[in-house]
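Just so it is clear, A, B, C and D label the chains in written order, and each chain counts residues from 1 on its own.
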Amino acid sequence: MRKIILALVLVCVLAPMVSTAAADNVIKIGAVYPLTGATATTGADCRTGVELAVDIINGVYDLDLPFARTAGIPSLGGAKIEVVFGDTRGDPTQGMAETERIITEDKVVAVVGGYQSGVVKTASMAAERLKVPYVLSDATSPALTERGFEWFFRVIPHDGIQAKNALEMVKDIEAKEKVDIKRVAVLWENTEWGANVALEIRKWAKEYGFNIVADIPYTYRATDVTSEVLKLKAANPEVIIHAAYVSDAILFTQTMKALKVQPKIMIGMAGHLDPSYLETVGKDGEYFFVRAVYGLDMASRKPVVAKINEIYKKKYGRDMSPNAARSFTAPFVVADAINRAKSTNPDDIRKALLETDMPGSSLISPYDGVRFDPVTHDNVLGKSLYLQVQNGQFRVVWPFDLAAVPYVYPFPAWK
Amino acid sequence: MILQLATGGLLLGCIYGLVSMGLSLIYGVMGIVNFAHGAFVMLAMYASYWLSLFVGIDPVLGTPLVALLMFGFGIVVYRAIIGRVLRGPFLARLLVTFGLSIFFINMAQFLWSPDYRMVQKSISRGIIMLGPVFIELPKLVASIGSLIVAGLIYWFLRKTKTGLAIQAISIDRSAAALMGINLERLNAIAFGLGLACAGAAGALLASYYYIFPDVGTMFGLVALVAVALGGFGSTEGALIGAILIGIIETLGGFYVGPEYKYALIFLAYVLIVIARPKGLMGWGAD
Amino acid sequence: MSELVVKGLTKKFGGLIAVNDVSFSVKSGEILGLIGPNGAGKTTVFNCLTGFLKADGGSVEFNGRSIYNCSPNAICALGVARTFQVVQVLQGMSALENVMVGAYLRHSRTAASRRRALEALERVGMSRFADMRAVNLTLPAKKRLEVAMCLATDPQVLMLDESMAGLTPTEIHDASSMICELRDAGMALIVVEHVMEAIMPIADRVMVLDSGIKIAEGLPAEIVRDPRVVSAYLGDKYAKRVKC
Amino acid sequence: MQRDDIRNLAMLVAFAIIGLLFPIVATTRFSQHILVMVVLYAVLGEAWNIMAGYAGMVSIGQAAFFGLGAYVSSVLSVKYGVSPWLGMLCAGLATAAFATVIGLPFSRLRGRYFAIGTIALGQMIKVVFENWQWVGAATGLMIPLANQGFASFQFHASKLPYYYTGLALLLLTLAFMYIMERSKMGYYFKAIRENEDVASGLGVNRTAYKLIAIAVSAGITGMCGTFLAQYSLYVEPEYMFNHSISVTIALVAVFGGSGNIIGPVLGSAILMPISELTRAWLGSSGTGIDLMIYGAFIVLMCVYEPEGLVGMARRIGASIKAQRERRGAARCQNS
């Protein structure tokens, strides 16, 4: 036994750090996600989106998406894209180290992914230092693009816009139902992301004339949330906006049901979108509004969404989740830039990214397209949707012109 | 409102207590602070989940079965690992359970994926009203289970021959050994029992709580504080410490602010042990 | 010339009075024997004098200065050292290192401390065990080591708590002569002892405690004849005084 | 004894030289990152060693000091433009001062109660920083990118300057410990570890010496916090006060062998590459198998080599010596 330990030690110490030589005509891009740790389930979900996107770019599919009908990147002789995944473990140092590793060892020419805003902060810093473009389609903290990074681009609308959208939706419902809604409660997990959402909600609530009657931060590792929910109940809000990861979303839903918290509108984010959330809470998740940048029934307006979902379902055995769909977009943006740059030189890709102008029709997201702000590099055509859980399905209900079904209002009594 | 809060705190405390008692028992007998206790609770939750999914055993009714399984598992873990480390230096004893914890949590992810799961059907679902107070039935069942386990441990330690021998060990190891008590066997039994408690806790939690590989970590941490608060080595102390923590968490979370609730628990711990360096009911060596 | 004076020392544990109004004194070049049945409060007196327990009343003066309820290290620094009833050494360190910890009190530099520690080890006849880990020493050797550790702090008063219990007659003889040597070198000693045959011959004075109360004090020869003492503790056993 | 000292000193010097030469083989950025992590956790492990290995106060809350140090320098640099180097010094001093204040009540606690107290401390500080708006609350602080160089304590092109900075910190810490181990302080620490009562009976002011140990350990840990803050240019409570930092620090030290100078360095030199390499090789499978191996490794080590790598080295050394003697004896008999 001791010899085995000794051998293990030696192997680990002496193992040479050889990087595999890149094959010809393969373009490597990196994707970093929390593949282990507390958010591993979401990380795995995001990973499927990236994998599928790259599959479609590399293969030949009869789809109305860029690069679908051709194999690989046309301008580079059909070069294939290969994704190198890195595991951030949800930790900023490791996120940075993994990003650096895949950039320097695997020689990826662009990086996508991240998921947690805190991790993206350091991961994008690594890309900035190493001068490799980082295209983010799945983390929403406004602080990320406020840094003025040269190599960092974001496709997804940030929390400020999403918060604004949430309150706009409430306003719209108010007008349509001819009711008066004033009392808003914001419930947020106390890390980088939740804190930013709360900040933006506060800002826009003031703008739109809502009263914040409860402003409740909590730790997402909580084992029990009775006190949080009772606090919420005491404030008697008409709207509850909840910025949660998965486990806390589940816990709050169950506890709100148990303690009969009865708002008129229930709005969830991130965690509520995770497939395992609905699987776990079942019927209790009904009629929550969830902010998203994807909805399956966008298919009524974008037929390609349904086709992609079919392919996804064949591959992974379930419907494509909004998280997977978010991550799905970034590889296309990168491929588009590489194609236009006709080069895999990171600097050329960056220049091409600045000139990105993808139409909304080329995306499965509800964005009007992708075009980056020259300074912040945020997508100026970004837009978010609100879905409502109806009969165990996420249905697009807002904006009204994209709605697949009418919303249900008010939030019915718990069963 | 205060009634509702107090009830919530009490129920939560009993559930923490269920996790804590096993931890305390293990510590009392072999002086090991089991940092892997949360991981064992997690394993028990999975066991309960699989039993309900494939065999159709209700988590609540399956509690004794899961406890029994965990008892056996505990004996195995003791024989394979803990027993060997027991003779080693203090720090190895402290760290081995950290290693076990990392191992089991990631083993769960490896075998069963990081997805969240939930037992779909259980007899203890629903809410009952007691005057103005809402009580979640599964929590109530878990709390009653906790008190039953506490009673069983009390009975076992005071009325059975093995229990008395275990108590003798936790009071004075070397004297107990001189009296002809078989330390190895009793250690294994005590470790098994500690895990059986974790098993009972896991099964009862599984009846209403979601399950994923990292689920036990926070329970383990809180239980650790509860045990230290009550005084290492005292199972009654562990239960009392846990209930105290449950109440502090719920009341503090409401009146001071949810973001501070864990800080309050830890603050309470620090204040109490500074005033009483061996916890509320602790005795024995450090 | 130094002197430790204790007046009216009292210590309670809850309702139990473990030490009740005990007064005594000890001077340089003197051995004070402290005897009494089990639970009489002998070790409690030691613990109170050396700061390991907080006393509940009385006064303790050392060379005219109050050391009542001072911290153990301050008391040691002033020159009052003690051993423990159940032998206590620093298990994981070598014998020499154990003694050096004591020697550092007067010698801040390592070289000087080591010299002083070697002297102290020599004095108790432990030089050859200097590099042995304390945990591996035999019980008698540990007891000697404990004395060496105290000696290294250059005490004026040395308090020995049953340092001869569990030793063989030869070892007791060695220990007795060592204690006498220390007295002759001008140290004041308070010796708690169960082994009457060991203490009676060497003590200059003997004090008897029973249930926390001092019931007698005097020359060993007087003590063994004192009816209160006899009834409380000694029975009819006595030892004749021998020169050491 | 003297010869032993010389041998130890020679080992330290050899160590420094190996450390300086390492980058010749570590040419890739990732291997440099591993080196940086090795030196960082070696210093952290040594700091833990002072407090736990020598003075016997086992801490599982070093992240409290680590994060505090990171925040002190980052706040100074972001809000007042103070140089990170000065910030590092301030971080060390502030953390040491904080530790002294906290240490006063904590020094009453013994053994496990102390260990769990430190866990509690780590969690409490984290919550305070999560809710303290002035230091950015949960959002944390970003240190703006600056031109690289020693003035800004930011290096973009290569990680080697970080490595050398960490190595310098490590060598300073080792030098301090080398002197400490041979001085009154070192002996007093060990005496407190072995038996507090005996120590105070021999004139050791245990409270004072415990506070010194805590303060020195915290100060060094705080400086490491600054180091990581400058390395990642980002501080956030969830990140800097993470409980896993505390656990890793203790693991590194115990794995290598605590209570002696070389242990934590060895522990870090083995454990950090394992952690980083298993993640790089197996982590992207997302199955957790990398951490499974890591956990199993720690368990096996505790079972089979409970004295850590240093104990293992010692035992191997002893068995080689015994074998040689046996052979020598055999030869004598033959002749």
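Going forward, a residue touches a chain if its C-beta (ideal position, glycine included) is under 8 Å from a C-beta of that chain, and two chains touch if they have at least 3 such contacts.
These numbers were taken from a predicted model, which means no experiment stands behind them.
Just to note, of A-D and A-B, the chains joined by more C-beta pairs in contact are A-D.
Closest chain to the protein centre (all Cα atoms averaged), using per-chain Cα means: D.
If you average the Cα atoms of subunit A and of subunit B, the two centres end up 36 Å apart. Subunit B and subunit D have Cα centroids lying 31 Å from one another. Mean C-alpha positions place subunit A and subunit C at a centre distance of 74 Å.
Annotation for subunit B: residues touching 2 or more other chains are 106, 109, 114, 213, 259, 262. Subunit C has no residue in contact with two or more other chains.
In subunit A, the residues touching two or more other chains are 36, 40, 43-44, 190, 217, 219. Contact residues on subunit B toward subunit A in their complex (touch as defined above): 1, 4-5, 8-9, 12, 106, 109, 113-118, 120, 127, 134, 136, 208, 210, 212-215, 217-219, 222, 249-254, 257-259, 261-262.
Of all the residues in subunit B, the ones that touch subunit D in their complex are 27, 33, 81, 84-85, 88-96, 98-110, 114, 213, 221, 224-225, 228, 232, 259-260, 262-263, 266-267, 269-270, 273-274, 277-279, 285-286.
The touching residues of subunit C, when paired with subunit D in their complex, are 50-52, 71-74, 76-77, 81-82, 84, 88-93, 97, 100-102, 104-105, 108, 110, 113, 149-150, 152-153. Those residues of subunit D whose C-beta lies close enough to touch subunit A in the complex are 26, 28-31, 33, 37, 127, 130-131, 137-140, 142, 144-145, 156, 228, 231-234, 236-239, 242, 244, 269-270, 273-274, 276-277, 279-280, 283-288, 290-291, 297, 300-301, 304-305, 312. Chain contact summary for the complex, subunit A toward subunit B: residues 36-38, 40-41, 43-44, 190, 216-219, 221-228, 230-231, 234, 246-247, 250-251, 254, 258-260, 274, 276-277, 279-282.
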